[in-house]
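Going by the order they are written in, the chains are A, B, C, D and E; count residues from 1 in each one.
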Amino acid sequence: MGSITLNSVSKVFGAHTVIPSIDLKIDEGEFVVFVGPSGCGKSTLLRLIAGLEDVSGGKIVIDGKDATELPPAKRRLSMVFQSYALYPHMSVRSNIAFPLKMAGEDTSVIDKKVADAARVLNLTDYLDRKPRQLSGGQRQRVAIGRAIVRQPVAFLFDEPLSNLDAALRVNMRLEISQLHQQLKTTMVYVTHDQVEAMTMADKIVVLNRGNVEQVGSPLDLYHRPDNLFVAGFIGSPKMNFITGDIAKGYGAHTIGVRPEHLDLSTSAGAWRGTVGVAEHLGSDTFLHIAVDKVGTMTARVGGDFPVRHGDQVYLSPQEGRVHRFDETGLAIR
Amino acid sequence: MGSITLNSVSKVFGAHTVIPSIDLKIDEGEFVVFVGPSGCGKSTLLRLIAGLEDVSGGKIVIDGKDATELPPAKRRLSMVFQSYALYPHMSVRSNIAFPLKMAGEDTSVIDKKVADAARVLNLTDYLDRKPRQLSGGQRQRVAIGRAIVRQPVAFLFDEPLSNLDAALRVNMRLEISQLHQQLKTTMVYVTHDQVEAMTMADKIVVLNRGNVEQVGSPLDLYHRPDNLFVAGFIGSPKMNFITGDIAKGYGAHTIGVRPEHLDLSTSAGAWRGTVGVAEHLGSDTFLHIAVDKVGTMTARVGGDFPVRHGDQVYLSPQEGRVHRFDETGLAIR
Amino acid sequence: MATLHTRSAARAMMAPSVLLLLAWMVVPLAMTIYFSFLRYNLLMPGMEEWAGFSNYRYFLTDPAFFQALFNTLAIVLGVLLITVIGGIALAILLDQPMFGQGIVRILVIAPFLIMPTVAALVWKNMFMNPVNGLFAHLAKAVGLQPYDFLNNSPLMSIIVIVAWQWLPFATLILLTALQSLDEEQKEAAQMDGAGAWSRFIYLTLPHLSRAITVVILIQTIFLLSVFAEILVTTNGGPGTQSTNLTFLVYAQALLQFDVGGASAGGIIAVILANIVAFFLMRMIGKTLEA
Amino acid sequence: ETLTIATVNNGDMIRMQKLTDDFTSKNPDIQLEWVTLEENVLRQRVTTDIATKGGQYDVLTIGTYEVPIWAKQGWLLPLENLGADYDVDDLLPAIRSGLTGEDGKLYAAPFYGESSMVMYRKDLFEKAGLTMPDAPTWEFIADAARKITDKNNEIYGICLRGKAGWGENMAFLTATANAFGARWFDENWQPQFDQPEWKNALDFYVKLMNDAGPPGASSNGFNENLALFQTGKCGMWIDATVAASFVTNPKESTVADKVGFALAPDTGLGKRGNWLWAWNLAIPAGTQKQAAAEKFVAWATGKEYLNLVAEKEGWANVPPGTRTSLYENAEYQKAAPFAKMTLDSINAADPKNPAVKPVPYVGVQFVAIPEFQGLGTAVGQQFAAALAGQVSVDQALQSAQQLAVREMTKAGYIK
Amino acid sequence: MARNVSTQRKIVVTVAAWAIGILIFFPILWTFLTSFKTEAQAIASPPSLFFFDWTMENYHEVQARSDYFKHFMNSVVISIGSTLLGLIIAIPSAWAMAFSPTPKTKDVLMWMLSTKMMPPVGVLVPMYLIFRNTGLLDTRLGLVIVLTLINLPIIIWMLYTYFKEIPGEILEAARMDGASLAKEIIYVLTPMAIPGIASTLLLNIILAWNEAFWTLNLTASKAAPLTAFIASYSSPEGLFYAKLSAASTMAIAPILILGWFSQKQLVRGLTFGAVK
């Protein structure tokens, strides 16, 4: 129970092909994150799984049964929306109870399940409030509460944290991870924030223009990106790319080095450059360095690294941390 | 030209004192950032400077002249709003030209200045579009364009990046910094994002409940916070605070250690704990560690640090990196 | 948001209202078209006979027809002009901070709630009457000859009465629109050195354009068929100076009881209304999309 | 059983409405539902209903104009069971003949009848040194009106109808035109507005009203003029005889004791400009409640009712102009100084030969053909415009002629 | 614009606004005052505003002449009935337009509105015949049907604009939660749109209350609402200003009071989604 399989699923809006054809297998109990730039079709894919849109082609199998033609209500999936989509006129209790009520459960059963969900999510004290009387994080939890009471086959999340402020986002991220560990239900999670993707996922699906670029565990993608797109998308600050002669020296069309994999020295190194903007975060400093013949590269150094705007520095990529790509952008391993 | 001085400025809304009394000096050409939690009065302070609100007491001196009673239009300041406040029915060109038109400039002068501003901001191709046809970053730039054409005494920014997505935010942050280096005009910048504050500011003003908690350079605040509030607010992830006996051992009521200043070992160290959630970002890993008798502490380790959920680890604060605070929360130096 | 399920459901749910309105439009319309080709006078039953286009010919050659056409447009445009301009001015006034705003709003809303017949009766008898009306008393008080509004400027008087009834509507829509103007935009303009008048021209007016189109659309729908006000006050006269199309059709239908002629007139009015509607919809369509 | 009665909102009808207790106590099984409407609205409602056989009303209030037309269509039930004591022969012959169909049956019972006459202010005449003859000429009236007029004190020499409508200004103007020798149609149904008689009449009227009329005269109908006269603003008023009881009623009129009466004026051509009209109760053919309706009609137009009103409201308020016996009643003559003048006026009207020249139609102040409502109103609009000064008299007559030719051609009178 | 507004300016604005407000309201106020005068005082020159002998005579007279309460009840039943019926038909329709729009939706909406441009007199006779044949003449039901049809386009349009402001995600959430379409509309959409529905309701009650053509022409007595009541006062014989004023006051008072008490909703209702 809980596996979801997409067989050459495609989606066309009018004349506009949003998803050409996707094959994907989500295993039971997995936490799968869809990432990709804005407009790449993440939400569309999720909504196809939910049944909120009709597929233009292909098959969706949920929990072993063909669900392609099923209406959303019959797919036994729960969804948490970006805007939470709480029912504003209902109390928290009624919000959480709503799916059960629709399923025609007994009042006593409903009460028990709502109480359980509220306990898990620390919402017991707020059950009689209306959504507008809650903070962002609490609303978020109510949305999750509404999703979990039904014990669905899988949860679908569409950028559930993007409306929260930074601090809260960190907390809720942890809470959702813990929830997954507790419930062990399949979760499909859409985000464009790669920090969320890295920290939460068992498996990341990187999408680009409706195509799957790579599927793998977070560290897999970080360490072994299949192509330029994934290499550039995963990791912050972005990987530095170098083409031309230097890359040729490595036997590649393009090479990439992450800012944290560049060693800096004031005396000697592979490439020479001039320090431009220095961003001091305290713990680290990001140096934007104008490297001769290459362009601007970003390097991460410790918070106390003693350079200033205009200084000359030397950069060397760390051993074995250089990624190589061919002309088509594919990784050379 | 370009200095702004606040002399015991206060602001009361009805019965609610938002700013008790603030003294502040902003030097010419400086990039000053106001940070603080939501509702602490950052926007109010900026709007007082702009003249969009009347002060309840005190004096505002701009460019050497008392501006307390001047209407906004006469203060020769430019403001970039959080919502950009572009005029939706005007083209980009007219938006940027608007302040000049109001000032009664000649058409030829206007055209030239608009073209210049557009070039600086890479907007030349979009001059005939309407704001709604632009992306967030481009709108942002139009708002800045509207601010710079007038060559104001100073720029005021109220959370200009908070509506942008993460990637764009990083870019625009750099662009504004570069603009400042180019124009050398005084800038006053409000944000609640401390990464922005750290990376952009010459001087950070930390506000809390309408009071200035500390004023100083970003690294000053990072390394030498005056009090618990500043210590907790600056730095990400947040500083770990420890009270009780351990703190007493350091001769303080509370001690604070930043996650990046904790050394981890699997064999020995000052405090023992169990690894909880581990957040792998690739470059780094944040470990949430349940430390005996202290609670959860966060530690930052390298991306490859070999621990897993449930492992026992030892933590030791780095030499000289422990911050000490007395009962009132003031730093002990 | 759209799957096969929801789309077919949507069609089913649209059906009742579409069918009802279709019936409401088609059944009487079909009968009207049929009657319009008959020689059919209510007062002479049993004499119905096929009349071809003669009813249309008579209606279109009615000496009052072009005047009625003109008057119809004059009423629509005149009232729109007064209510839109007055509405903007009033909305701006009411948007300012003041004491007792709620009560002023109540006062201003009131005319919209009044039955057209009552409004017309009150204006005609108690205000515009040249002997006993309040205006006459006022004129006499300042030593002027009372002006006979309904006889000397019948169309203008009707426009004033109708505008009085619709002014609240325009004011309230525009006021609400005004209040939705982004505060930051106003502040930005202030920072940019725009004075009150510039802010009005460059900011407020463009912001109101959508609300103005809605006012125009709704009012036009109602103004094209202004009737009670004319019937009560001037009866279309003197002469045909305040006869509009609706009133002309009325005269055919309920004075001459010439059902055939009235039907032809009705059809012509429908066609003309739809021409107006067509232009209106195109104009509105554009603003409403944006 | 509930009777739905459509009636006009005139004073006598409203009085009847208030007195219905008398009827319902005598006929406890009959309830009355009143639909009181303004004259024009009433006519529209009732005509639509009866022509489409809507059957919403059981008793109708209709005028002398409609009765023959509707009776001919078979829309009205003949009134044959009004009861033994109804005394049909007591009805004034002039009135009764207008309500009798070609088959000699009565199709409507008159509730009140009227002609027109001159009402004038004795005090003002005295002040101006004038004496009103019993049968004045138009020349005298015009002269007197101009003399009495004192616009600064809001005294207008003469108030005449100006409001457009076949039953409003056209009633007055048609009757007046008769006195000027004009007619609507010649024997071949050719409209006659291009003839000099009409021009004389209309010129005379417009000039007189401009010199001696109240402002806004072109929107004055019966009610407006009544209000003006009652408040002492008119020196003379030529209108329906029923007005007499209102202007002499001290409760409503500030000039009640100063009113004199005279016959409608002539121009020496042999016809006086007085009309003949009655509001009548009729029973539509579609009713299910004929018996009850007849009972009601008999009650409302019977002799008993007159006594009832006299008892409750005084003799002066009795609906006039229907019964010979009323005018023989000494008490009535005493209470109503205008009684004789009313009777004379009614008797002086001749619907069969209204104009100096021969005409193909019946009716003094109207032409009893169905098309007249529309046509009369359209012409009335033109004349009102002339009165308001919006068009000249010549233009108005020209338009009227065109309109009439058009309508009559359309209706098939002119081949 | 949070700069302090000087009290002086506020006073000037207040005076101006009150003056204009009273000016606009004056005809109604005058009618109200006149209804308490005697007929003679009503046309006295110069007229007096407040200083006359207040009398209830006109109201007695009006009540004696016609059964105000009957007309009032008819007005209430007809306007509320037609509005409710309209809502029941319009809600699903507006749902479909707002949440399952097709390229034709806008056209359909505009077409619906254009049905309102048909001059009613033109189709009076056909309607009368239809009503006669179906026995609906002079029935409340008949009027409810006609007024529903007349106001339906406006109701649909208003609801459509309100519904469009409701985020589609919430309805999708309900769908995910297992709600059928009917339940989605009943449990989620309708309660969320209550303010909008209330405004629609209010505005349409007012429009129905004041509708004077069909209500007058399709009724005789049983179903006649206040518009018919007032039609008997438009120009009776004799002095009538005071009586007319009393009747007018009685005819408009209920809706005026309703409008005032719910002016917030009314204002919302009037805005037709013109304002975002």
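Here, contacts are C-beta pairs under 8 Å (C-beta built on N, C-alpha and C of every residue); 3 or more make two chains touch, one makes a residue touch a chain.
The shown structure was predicted, so the numbers you read here are calculated from the model rather than taken from an experiment.
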Chain pair with the greatest number of C-beta contact pairs: C-E
Chain A on chain B, rotation in degrees - Cα superposition, rounded to nearest 5: 175
Cα-centroid distance, chain A relative to chain B, in whole angstrom: 26
Centre-of-Cα separation between chain E and chain A, whole angstrom: 53
Between chain D and chain E, centroid-to-centroid distance (C-alpha), Å: 39
Chain centre separation in whole Å, for chain D relative to chain C (CA means): 37
Numbers and ranges of chain E residues touching at least 2 other chains: 1, 43, 45, 124-125, 129, 172, 231, 233-234
Per-residue overlap in chain A, given as positions that touch at least 2 other chains: 52, 71
Junction residues of chain D - those touching two or more other chains: 44, 48, 52, 154, 224, 227, 231
Chain C partner contacts - residues on chain B that touch it in the complex: 50, 52, 71-73, 77-79, 81-83, 85-90, 98-99, 102-103, 146, 150
Touching residues on chain C, where the partner in the complex is chain B: 182, 184-185, 187-195, 198, 202-203, 206-207, 209
Chain C - residues contacting chain D, complex: 41-45, 54, 58, 61, 63, 129-132, 136, 145-146, 148, 150-152, 234-241, 251-252, 254-258
Chain C residues touching chain E - in the complex, by the definition given at the top: 1-2, 6-7, 9-11, 13-14, 16-18, 20-21, 24-25, 27-29, 31-32, 35, 42, 90, 93-94, 96-101, 103-119, 121-123, 125-127, 132, 134, 137, 140-141, 164, 167-169, 172-173, 175-177, 179-180, 183, 186-187, 190, 210-211, 213-215, 217-218, 221-222, 224-225, 227-228, 232, 245-246, 249-250, 253-254, 259, 262-263, 265-267, 269-270, 273-274, 276-277, 281, 284-285, 288
Chain B contact footprint on chain A (complex, rising order): 38, 165-166, 170, 174, 177-178, 192-193, 195, 198-199, 218-219, 222-223, 234-237, 258-260, 277, 279-284, 286, 288, 300, 303
